[in-house]
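The following blocks contain the structures, represented as structure tokens.
Both of the next two complexes hold subunit A, though its partner changes from subunit B to subunit C.
Let's turn to the complex of A and B:
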């Protein structure tokens, strides 16, 4: 899962990536929990839920004869992406603010222990959220093409 | 594979056949596979006849694509024309009555006798526009039934088990005179053609089950706009006279239906021709239902009473009535049997037509407000949705709507709307539907127990599209697109409108 997220590593930075891989500054190995797997699994589930809802839930805006235009599908994709964006951002910003990210990943220090440079910023959390948005959208597209064929009203959405 | 040969005599015959065609298009229960309409009318240019002819020709085209083995009932019953002709070809087409009887070649004494029997106006009558309410002329002119080949094609086509039905009005000219003459000819043994040979199958024709409807006055005509001899003041007297003669038809007809309406509408007065275009009337619809009653297998024991030698034991007489004598009535005022017969088919076919965008609108024409059937783009659900809905994918897109059979189908849908609208315009208004509403569900008038799908998330035309998308996978994939279209819409309208009493 982390490999997929690392396609977007240039967005959110290598250090935040290392943290999410589970790198521990104490042990110098990847002994912490791999957060990519957790966040990725949530992205898979949320996009699956939205895809199932869009194609099969008998509600307005979902499996409905007036909701089978491509833009209806796109709206649901964006909704799923935004939720994943908020989860990715919320998860990392929470760890960032609570000091859960190891010091060796957060800063470069000189021999006296003074901070020379900061390696992870708040914007990296935003950009990680954006990565989550893109990845969940990919999952959404894959789920759509796997599951849409049995939908009564939307089986030819987004492409007729 | 038996057939019903329906003889429609005169203008009323043509209009009843039009109503029958509308019922068959809508898919009423019809216990016979093929109907062969035959119109007998000297006035072949009258508008009622030409409208019926066009309708039947379109019906035949649509019937060819209508699925016969699926659930579909729209256009299911076959209509076939004898040698491609709707009208029976009468051999003698002499224009003036005095030429027909050869008055000018008669001796002076005979000419004097003819002058006593017929008025000058009658003798100079142009019969190409019918008999203009003169059954005495009709009974002479139509006597050519039994002396030439007019029935040759009919006899050639006739098979054992086929049935005959005759539609005629009793208060005009052609129908009143034509009915007893036609009945007599059909039951006369050994009719010969011009070649001197007995017509083939004529024995089968003689013995065939035969029903008839005699339409008593249900309209009057206003002041004449031309040199017409029609006078509606004489309608009742003519009816009385003809009925007394029809007593002799007892035991010669299996079932004889009567229908009339005292609350008459007044039609514009034309002697015939292109101007004779009368609005549809509920009486004609009821008369068409009489035909379906006659061929109803469940009613065979009530309608036909024959002995072991296949001779008619007794004639069954039937009349049609509605439950309340109201100037405006709808399905609520029909009997349960009639409701069961027509509510579902008419409502389903109307729903189909509405989906295709047709409705009635008020138009201002030369300062006068007119009701017209038109396609409203805002209500054309098919046009709006076919690009998006799965049921139409790869099948009903592109030039699908321009295909000949689909265009004919839509033409009939327009005529169907007009037919319903015309019945609303009569003094006795039949208003079963709200023809103005764009609603897919709330368009049937009256308090009827119609089971309709209710989904909390679906409204109006989305219900129809939802059903279309659901039903499309259940249809035989080998069907051509046009056939599939009809099958699909029948299944969907059947799901959406289901009257039970």
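Let's turn to the complex of A and C:
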């Protein structure tokens, strides 16, 4: 899962990526929980729920004759993406603000221990949220093409 | 039907990814070496046995109040007051070991040629190999031996001096090699010092030559590596009196279990998830800074070899198996892993394979500079045959491996 997220590593930076891989500054190995798996699993489930709802939930805006336009599908995709964006951002900013990210990932220090530079900023958390948006959208598209064929009203949405 | 199909597909998609990642995390910790602090337990202080050679050639160092006496007195006092040991025993040594109690001040006050003569032993022979053999045979577990000697060989009249020196070197090598079999963690530290000398210099044929000048002498310290390291921290070289320490020679056995790790973020690469301490992947040219050659750094614990900072920071003392790599060494950032130095490696191009860095054992250049190969008359600041003594010790320690430690990095 982390490999997929690392397609976007240039957005959120290597150090935040290493934290999410589970790198521990205390052991210098990847002994912490791999957060890419947790966040990725949530992205897969949320996109699946929205796809199932769009194609099979008999409610307005979902599996309904009036909702089978491509932009109806796009709105649901954006909704799923925004939720995943907020989860990705919320998760990392929470760890950032609570000091859960190890010192070796956060700062470069000189031989006296003084901070030379900061390596992870708040903006990296936003950019990781954006990566979550893109990846969940990807999952949403994959789920759509797997599951749409049995939908009564939306099988031709977004296209074909 | 549809629901079953949907759930089946979902489960199929989710499981493999999670399993793969979980495996990665679980296999990471097994092969790693924990960073173990190398402190000697305070409750297990070593005994220190001090042997002062009292052969006839040593008389000139102890006539009146000399630097020799002050240096030895001050050093032994520092050992006691630094709380390094609770037990310090004093001896004269020549062909025999002559106990002198444990009162340092009394011992120093009585350091005179007359006392040397009265306290006996065969003072006419300076068989260094035999002296070292005697000292080592008396040095047991948890004991440190300190030998104070002028280090001058005296082959005697009618002997082949060159053959004698070579035989002494072989004898010393054999003595230390045998000691290492029983005590493999032994290290040797030799301080080269200087003092005024007024008395007779005995040349290689035991002819006496009266001199009144500065002469070198040596303090050998032999014992467990960790305890010697501890001693060096408690009584640093800067605390020596007189002219201070002129030169140092140290040697210890190779230790390949020293902790090291590739420094995260020290270049454009990913750490291998299974072996992040010694393996890098996707190594590329560095995007940061003015130099964009591919690079990475390694934090390493290079302590415990009794080597001074200048030795550890000199790249000439390291050997890389790939000559394309350039290396520089700095002090490590304060850390909890015991890392003392950071090795910064760069290469003109991205390469793959195993990079090996060896911290080499070396005989310092001063050993040849202070060596007198002739021994027919005293030469200022030189010692007859000191080179053979140090080579003998060095060869015993480096018979299997001629490096202190080895760092292997795998670039995938």
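Definition applied: the second predicted complex is superposed on the first by the 159 of 160 C-alpha atoms of A that agree within 3 Å, B and C clash if a C-alpha of one lies under 4 Å from a C-alpha of the other, contacts with A are read in each partner's own complex, and residues count from 1 in each chain.
The rule we apply is simple: a residue touches a chain if its C-beta (ideal position, glycine included) is under 8 Å from a C-beta of that chain, and two chains touch if they have at least 3 such contacts.
Nothing here was measured: the structure is a model prediction, and the numbers come from that model.
Once the complexes are laid over each other on subunit A, subunit B and subunit C both fit without any clash. When both complexes are overlaid on chain A, the residue A:130 reaches neither subunit B nor subunit C. With both structures placed on the common chain, the touch criterion links A:82 to neither subunit B nor subunit C.
In the superposition on chain A, A:153 makes contact with subunit B only, not with subunit C. In the overlay built on the shared chain, the residue A:42 is in contact with neither subunit B nor subunit C. Once the two complexes are overlaid on the shared chain, A:58 sits against subunit B while remaining clear of subunit C. Of the two partner chains, neither subunit B nor subunit C is touched by A:141. A count of residues in subunit A touched by subunit B and by subunit C gives the higher number to C.
In the superposition on chain A, A:69 makes contact with subunit B only, not with subunit C.
In the superposed model, subunit B and subunit C sit 160 degrees apart as seen from the Cα centre of subunit A, a figure rounded to the nearest 10. Closest approach of subunit B to subunit C, taken over C-alpha atoms in the A-based superposition, is 15 Å.
Residues of subunit A that lie in the contact sets of both subunit B and subunit C are absent, per the superposition on chain A.
Partner subunit C is touched in their complex by these residues of subunit A: 1-2, 14-15, 18, 21-23, 26-31, 33-34, 36-37, 40-41, 44, 48, 52, 56, 104-105, 108-113, 119, 146-147, 150. Residues 2, 6, 9-10, 13-14, 17-18, 21-22, 24-25, 28-29, 32, 261, 264-265, 270-271, 273, 276-277, 330-334, 336-337 of subunit C touch subunit A in their complex.
Those residues of subunit B that touch subunit A in the shared complex are 385, 387-390, 393, 455, 457-458, 462, 465-466, 469-470.
Put simply, subunit A touches subunit B in their complex at residues 58-60, 64-66, 68-69, 152-156, 160.
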